[in-house]
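Here the structure comes first, spelled out in structure tokens, and everything after it is commentary.
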Amino acid sequence: MKLYEYMAKEVFHRYNIPIPDGEVASSPGAAGEIARRLGRPVAIKAQVLAGGRGKAGGIQFAPDPAAAEAAAGELLGSTINDLPVERVLVEEQLSIDGELYLGIIIDPASRGPLVIASARGGVDIEEVPDRDIIREPVDVRWGLFPYQVRSITSRMGISGRVANRFAAVAVSLYRLFRREDVILTEINPLVISGNDLVAADGRLTTDDDAAFRHPEVPDTEERTGIEEEITDLGLSYVPLDGSVAIMANGAGATMATMDILEHFGARAMNFLDVGGGADGEKMIRALELLARTKPAVVLINVFGGITRCDEVATAARDVSRRGVLGDIPLVVRLVGTNEEEGREILREAGIPAHSQLLDAAREAAQLAGGNVGGGGDLGDTR
Amino acid sequence: MKLYEYMAKEVFHRYNIPIPDGEVASSPGAAGEIARRLGRPVAIKAQVLAGGRGKAGGIQFAPDPAAAEAAAGELLGSTINDLPVERVLVEEQLSIDGELYLGIIIDPASRGPLVIASARGGVDIEEVPDRDIIREPVDVRWGLFPYQVRSITSRMGISGRVANRFAAVAVSLYRLFRREDVILTEINPLVISGNDLVAADGRLTTDDDAAFRHPEVPDTEERTGIEEEITDLGLSYVPLDGSVAIMANGAGATMATMDILEHFGARAMNFLDVGGGADGEKMIRALELLARTKPAVVLINVFGGITRCDEVATAARDVSRRGVLGDIPLVVRLVGTNEEEGREILREAGIPAHSQLLDAAREAAQLAGGNVGGGGDLGDTR
Amino acid sequence: MAILVNEKTKVMVQGITGRQGAFHAARMAGYGTRVVAGTSPGRGGSEVEGIPVYDTVEDTVTKHGANVSAIMVPAPFVKDAAFEAIAAGIGLLVIISEHVPVHDAVDIMAYAADGGARVLGPNTFGIIAPGQCKVGIMPGGIYRRGPVGLVSRSGTLSYEIAGALGEAELGISTAAGMGGDMVVGLSFVDLLRAFERDEETECVVLVGEIGGAAEEEAAEFIKTMDKPVVAYVAGRSAPPGRRMGHAGAIVERGRGTYEAKRAALEEGGALVADFPWEVPGLIASCSRD
Amino acid sequence: MAILVNEKTKVMVQGITGRQGAFHAARMAGYGTRVVAGTSPGRGGSEVEGIPVYDTVEDTVTKHGANVSAIMVPAPFVKDAAFEAIAAGIGLLVIISEHVPVHDAVDIMAYAADGGARVLGPNTFGIIAPGQCKVGIMPGGIYRRGPVGLVSRSGTLSYEIAGALGEAELGISTAAGMGGDMVVGLSFVDLLRAFERDEETECVVLVGEIGGAAEEEAAEFIKTMDKPVVAYVAGRSAPPGRRMGHAGAIVERGRGTYEAKRAALEEGGALVADFPWEVPGLIASCSRD
């Protein structure tokens, strides 16, 4: 889960990483009040989970409380990269003597935390040339030590008090990374302000799968109503921009289904991953929710492994019996674990079922009005 | 540092270890109030850092708030094993279906944490026969896992929900042990109450040397004024019951000095360990404090290593010049690092110095009125 | 022979009394796998589908010589189960459970490295040597024995490919799932290396998907291989920046796109299929070389 | 020869720019020890008493072949310093600093075991092979070279014994301090074993104190030794239950009393002295055997 900047900074603060003095506000008046308390020029920062916020005008500066109130008034209620601004962070403007970058991510290649540092902070790390980026994997058995950070700062070309402060921040950030189940965190820029370092901006993404260990962290995901309800079922839902609703099991199969639909000229409207052995009631509820998105067609593609064909078939039958889908056509492709039992259930319910994904995708695309001709020759290759 | 029971339980609670419902009180009225809030029979427990509290009458039971107030009135202001009772813990009385023992200590032999468990809780673990005690060392690289605790509970002969709860408590206690720099913790008894486990009593000793990492923990050491002042100097002071004040460097040498004094019929009144390179000003201040304890004689025994003889000599000279000791005689034994420089300083100041511990101890014992004859033959063995 | 498992493999199931554990333990045994035991703390002494249940992994090792564990416990308990298996000397852990916290996976991989154990997963469909041994949740019936090695990040997608191979009468030496999570044990490279050495395997099919850099790393290794590799990568039509169901499919920072992976694999010498059902044809074409 | 250090040992000092570090680095060098370098993060490039200072331990290893480190940094930084030394491949760490948090010591010992390094301390006076190498804070002048091995938990007490040996014209092969803390690296047993193997050593003096069980463990090992052992244990007059200056001297739970230690050592075959100055006489008596 991505945390808002102000939440990320609260976490930094708990781990003794210096942050600018400031507070979050959800009204212009409150923003002005915070600026008054700070008693100096402030930055007003839109709290949205989008990159490129600065370029999109999401950060403004105000020399006094009145200007702060005005700037907050402009930002609050506007949208930044299509996301509504509901809160602004009002912070002291820092005197900036330099900008560094510090991040920690989970690195799939080394199967552990990777510290990323650069003396060229303040810009998107993507834009920093590789030779200016230091990467240091961490052995989780022992954690990150100041001596390792000293080797990083030495390669960054920083020394003295700033290097010592950098080591302290990095060690704290690593501790936070592990204890809070973080998968990505960035401090960019980590501002050199006099002899101190301050986390002027912060990104923090926690592991959804570890949320059970952190009941205190509020949920920040920005979801539509349907997404929310499906997530509450413990299933994975992604809204897209086409006209076919897909229910499939497993991320890979879902993506392959979309790829093939696209080949036949149709696009997915959304997809629902019921992988991992979701039970029948959940699937029925999920199909009800999918129907509410009013797709041109619903395509169920299940290659049963841990998901069992009989349970999927039972759900499809019940959905059909209850008329949950209205007049939205249903295309089913069903193979794998308990396939025979599943096909028997569908047969009794009078629901036709494909065994080939190709055929199911073609039919779904056809029903969605796609350009099926384009993929006609594919049928012959197998 | 030893924590009071109520403080230990606060820490347990922070780590999700169940504790009885209750609160600490420092007046009988407050104790009655807590009992009223709890609305059931309570235990009133004197908060003192002494073992054998129960046997000494430090735990009382009260069926109602009035009885609780009365019991608290009896305990507050009394002493348990010579320690004044300033606070009582008022807790719900638990229904007890069984009593277990769980502790974790730093084990010098395995150089790491050692989990100690027994199905025979509720009595001092010293009194439990060895065959009923399970010991399980923990690899700090990975920590304590439930599967390891299951092996412990299986050997304890407990199973089912109680075993699962035991594993959860043990894993939490281990996490607490590591994160809070604990050197000894005990839950005894860990009460089986229905299907739950509750830490009915708790002991927690933290590492003084790690106090810098835990600025939030209040200091509970019960010290005399002088002990407090010497501790504030960063030196180690122990009050005893004899008449010779000892200032020495290093725990081993201090104990050897006491042993020899005792052989000559004198006992230490207190000792001060200035090991580890204490500087001159600290030593002077420490000698001033020692003088306030009114010993019959002050014995300085320094074999300089990291402690330098010249600094000790300078301190002794300044103490003598300023008349800090009044008419308390000073016996000095000084050898080791910078011995020549030290002796020169003492010579100039007119302070005699021994080079043999034997001679210094004999003189000190003599001045303290000890039975020096008893050790007379020792002088011949070297 | 096959890689990692074969007809001598002695499998135990952690979480055998759970709904999934019991179901798939029976399926595995039904397939002919030597499922020697299972564990379920507190349920030791019972049986599931005729398979003896113990409290500890150690018991399954000392009493039955188990050397592979299929881990099917709920996500919060996977770390404990994996550590127990490694400490008990299990040589290969097949972690079926999904939604395992990534920091737990990190710890498991570090401990496995210390303990000399290998890990497939988390979030893997498992591993199958057709006709010999099935450790996982895949539908065994679709796998025919033969000369093709199959390695995949995704379960259902690999079934799709296995099904297509079967219809083309192409058999499989071993099909292994790496697991779909951000941090998994054995990598494409580890498994490709094993297939390169395996006598039964003549060529390898790699099934990838967008996100991460695992396919790019595999592409580098393929350059050094003697055996031909056919690849398929899912996610060509996926919009960038959306989370596609699991953490391994995060597309971000310009890395891990379909185009990047396809280009790297082709440069590495792999034949890349546009659709799952093209894979058998490409195998035939490289066998003709 | 001696144990652990000798005239070829290349010593570096961590914390060499500190008050104690600078003082004792000069003392060690003055004794004839090959003090090849020191470290002080941020002070690299300078010199202390003619000894070159670097930012990292790695530099002292690659540029000067340092193989022993004397750690003299403030307690909160000891863990970092020790890990750095172990990671850099230093073979013996002599941790002089006291007040090191015990959990830090625990971690250091575990990492040292992983990294193949040995540790004396924390809170040790160090180790000296008289006339060859001094790594520590002991007054070098009191040590005469000879056939007696000396091992102690306490610094000043071991000086006392070394001084008594010297006055009796008995020399020392090596004198090593285990460190006075609850958790230390090399134990009495480790050091006795080294002395048992050392050709220069003919007998060993063990200096113990009340608290803990290290002397009892040593007593078990002494039973297996060929070389005679003379022991002295401090703390006979100490009241039980008081903390005697450091954690190693906690007397509690009925273990580690003077009586228990003395009885164990005597049962193990050691001659036990009542007072430090009796040690030379006991050595003479066992040499006559």
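A, B, C and D label the chains in the order they appear, each numbered from 1.
Here is the rule we go by: a residue touches a chain if its C-beta (ideal position, glycine included) is under 8 Å from a C-beta of that chain, and two chains touch if they have at least 3 such contacts.
Everything quoted here is computed from the prediction, not taken from an experiment.
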- Task: Could you split the other chains into touching-connected groups, assuming chain B is not there?
- Result: one piece
- Item | Pair sharing more residue contacts (C-beta pairs) when A-D is set against A-C | A-C
- Task: Indicate the whole-number Å distance between the mean C-alpha point of chain B and the mean C-alpha point of chain C.
- Result: 55
- Query: In whole angstrom, how far does the Cα centroid of chain A sit from the Cα centroid of chain C?
  - Reply: 26
- Roughly how far is chain C from chain D, going centre to centre by Cα mean, in whole Å? 52
- Mark out which residues of chain B touch at least two other chains, giving numbers and ranges. 141-142
- If you look at chain C, which of its residues touch at least two other chains? 107, 114
- Touching residues (chain side chain C, partner chain A) in the complex: 19-20, 23-24, 27, 75-76, 96, 98-107, 109-110, 114, 125, 136-139, 142, 152-160, 163-164, 167-168, 180, 182-185, 207, 209-210, 212-214, 217, 234-239, 242-249, 253-254, 275-278, 280-281
- Item | Footprint of chain C on chain B - complex, ascending | 141-142, 145-147, 150-151, 154, 159-160, 163-164
- Message: Using the touch definition from the top, list the residues of chain C that touch chain B in their complex.
- Response: 41-42, 55-57, 77, 79-81, 83-84, 87, 107, 111, 114
- Message: Quick check on the complex: what are the chain B residues that touch chain D?
- Response: 106, 108-109, 111-113, 126, 139-141, 178, 181, 183, 207, 209-210, 212-213, 236, 238, 240-241, 248-256, 258-263, 267-268, 273, 275-277, 302-306, 335-337, 339, 357-358, 378, 381-382
